[in-house]
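Here you go, one structure.
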Amino acid sequence: MDTRKLNRRQAVALLGGAAALGAAGPAFGQAEPAKPAQLVVNHSGGSMGTAMRKAFFNGFEKKYGIKVVETSPVDFGKLRAMVDSGNVEWDLTEIGGQDAIRAGKANLLDKVDPKVVDRSKYPATAQNPFVFASSVYTTIIGYRTDVFKGGTQPKSWADWWDVKKFPGARSMRNHPTDNLEFALIADGVPKDKLYPIDFDRAFKKLDQIKPHVTVWWSTGQQPAQLLLDKEVVLATGWNGRFYDIIKKGAPVEIEWNEGALKQGSFAIPRGAKSPYWANKMLAELAIPQQQAVYASELGYPGLNLESLNFVDAKVKPYLPTNYLDKQFWISDEWYAENGTKAAELWNAWMLKKA
Amino acid sequence: MAARGGSAELLIEGVGKRFGDVVALDHVSLSVAQGELLTILGPSGSGKTTLLKVVAGFETPDGGTVKVGGTDISALPPARRDIGMVFQNYALFPHLSVKANVAFPLEMRNVAKPETERRVAEALAMVELAGYEARLPKQLSGGQQQRVALARAIVFNPRLLLLDEPFGALDRKLRETMQLEVRRLQRRLGLTTIFITHDQEEALVLSDRIAVMNKGTIQQIATTTEIYERPANDFVADFVGESNIFHGTMSAPGAVTLDGGRTLVVRSDRQAGAKVGVLMRPERFASGGTNQFAGEVIESVYLGTSFKLRLACEGGLELLVRQPARGALPAAGAKVAVGIDPEAIHVF
Amino acid sequence: MFSSRSGFWPALPALILLLVFFLFPVVRMLGFSVEAGTLDWYAKALGEGLYLRVLWNTFEIALLVTLFCLLLGYPLGFLMATTTPFWATMGFIFVLLPLWTSVLVRTYAWMVLLGRNGVFNRMLMEAGITSDPIPLLHNFTGVLIGMVHVLLPYMVLPIYGAVRKVDPAIPAAAAGLGASNWRIFWRVWMPLTLNGVFAGCVLVFVLSLGFYITPALLGGGRVIMIAVLIEQQVREALNWPFAAALSAVLLAATFAVYTLAQRFTQPETAR
């Protein structure tokens, strides 16, 4: 009995070893850098961390025997300070869209290694040499189904602005990104002609909606909570946060039309201790099956569009990649150049009485 | 002080106060005549401070009344009692100048400014602090602070003056000066005054009458000489002055047989068979006298004007004796004989 | 002379700590703000209406928060210092409890209590006091309530300490000398506890200036404090020189207010 058990275990170990050898196959020709004891991945934490561990980190640890150490939060200032001082703690970090563009230009990042990370299945918007697009999220309309019954919800930004036809308290993000675009679309600008943003036109349109916005939210969980508490009946928010409460049975639904798409990004800080293994981790993040696991948890699918084939049919309607055509992409490039100006104008507009 | 006559007599009747299981005041009654200085003398915990607080209004008694000038003030808050009080640590307002401190009670009574100025100046002159108006309390010596407290307590012509162990923090010399000064001031103003102390010497110096308190009750209330010469019980005899106290039985009219067997000739009309206490003050012994004691010196102290001797006498009696300092101080072991007349022995 | 010099050495570790962890960063920050060799960032901070308005708003909020903390904190600290040990302990637990929970948790708790369908409004509506919910959240009121709650301990503790330090015979003496409770408070308690009041006010005021989570969450986004703008410059715009200039302006304004307050609350001297 005992000997047989031992034998079986040995057999499993052998098989695992063979699989690892096979996985390392393509890089076999070059000398592979030594394995570090650990790989530090910095991300936003919370439920995202849990999902990443389930979808990616556990598999990575098993495959390579490298411990994945997670830190949070995401902090661009800290990234800059680390790279400037040459004391880079992170091997890989999540990074905001426009920050990623600027970080790439400011020489704060290492390029993604195309020999390790296969991005051939990714859309053209997700091919930045410094930035790996790990997932897609969108700012869309969440609404109370007990207030807007049977498809009577606002279905466009023009509807959102129509407070007579769609009455009720609203919540929007306390940030120029998304809102400037929404205002322009509501004012009749086509989705592909948004950039460069016409500030005057956007803010003039925003003036109209300002009195009807009860809460300008500043953290991601606020809009979902506000809908749950019925503080507001309409809220813009990130799809995953709405998905989370819908999963739990909240009387809330999502209107996907004219949503503002953004990509969640990861990048390798310049001077990271194990850049090769950070690339290996990115390769892990690119596996469609694993992306499907992640998407089912949070509602944030990966940009390997094949991943849609691996999700449950019940989950699919809650993934923004299912509605790419109805939505538009936020231009990280434009914000990288104009974000500061937009923020200043936004603050000034917020302070304006009435 | 221009307007006199604020001062009134005080009548305390049946005042009681308990703190949980502790009886602080047990139906205390006493009266203080107008212009009189009554000292309440007792050890700490005797209830004297509680009694003072009841009079001042800081403590509500469980029963009994406090009357000033015939009016029951038991229900009045402290602010409306018109009683001047000097606290143990003076309780001067540290943030106010000497002048503002003394003017405080007048300010509270909305006295007009020129009148205030005049009375403050008068009060400060009375305590010999003219010229110190602008100082803060912390810039004054202990004695000066005491004077400010006194000036503040009398400036508004209070009906009573209460002094709560006011000399405790002063050194001996200053204390004696202040005692005399307070006495002089009190006489001059004719202020009805209650003075609290645990120091029997101080009580004898200052008082018209003394009330000796212990365990919440008044043991004896009498003039200073009476308290000293004819104490009512062991406690008073022991607490006030130095004493030799013995117990015995009246064996015949004018004779007491002490518990140790020795018989003394006394002046007393107590009946034969009565249990009595006997007090002999150490300074009342002389070389001769009706009652003679022969003893051996156990301890001797030189006190300048006198010798203080502790004698072991026959029959196991131990006596404390004071003798005028003349000649050499008797050494321990020396044989000494002393005597005392019946008139000098107090039987109670 | 000798004693004052020997008194210096025990304080040395604290001084070094201050030097390393306070003075050095401040100097470094000031350095950032003039990195380019010009005062351009200061000109922007003081020249553009936005930043001055937000700075002014920030001071206004800090002042109001300080005022409400004082109004609530003085009676509370006073009661705690004068009541029985049991109630004093209870008071301490309730006052200090907020310090042991995270700002975020406390802020969300207020959101649950103050919302349109929150506990307060439901109680008021069920009691028939109002028919429509009162807007307590997502406005200035919400920010005030939240900040006062968070900062109250910083007011209560110094006042408690100051009250405890007063010899109880002093107010008793005032009462005996004819002062009503009202006058005892203003003529005796107030001046004698002014140090504690001043310390509490300075603490609350200065801490208020740096708040941004609570105002952002409870103010519905409408209440903007200078810390939010500084944070935006540090984290979003990555414009550290400007962030440093804004911080320096805030620091200078804070010092100015502190000096002014100290001048006004100087304990009254001989009169």
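Each chain gets a letter, A, B and C, in the order it is written, and its residues are counted from 1.
Keep in mind that, in the parts below, a contact is a pair of C-beta atoms (placed from the backbone, for glycine too) under 8 Å apart; a residue touches a chain by one contact, two chains touch by 3 or more.
Source: prediction; values computed, not measured.
Relative to the centroid of all protein Cα atoms, the closest per-chain Cα centroid is that of C.
Relative to chain A, the most remote chain by averaged C-alpha coordinates is B. The distance from the centre of chain A to the centre of chain B, with each centre set as the mean of the Cα atoms, comes to 88 Å. Centroids built from CA atoms put chain C at 37 Å from chain A. As a whole-number value, the distance joining the C-alpha centres of chain B and chain C reads 54 Å. Considering their complex, residues 167, 169-170, 172-180, 183, 187-188, 191-192, 267-271 of chain C touch chain B. Interface of chain B with chain C (complex): residues 56-58, 77-85, 87-89, 91-97, 99-100, 104-105, 108-109, 134-136, 152-153, 156. By the touch criterion given at the top, residues 75-77, 80, 99, 102, 106, 169, 174, 214-219, 222, 225, 229-231, 339-340, 343-344, 347-348, 350-351 of chain A touch chain C in their complex. For chain C in complex with chain A, the residues that touch the partner chain are 48-50, 53-54, 57, 111-112, 115-118, 137-138, 216-217, 220-222, 224, 229, 232, 234-240.
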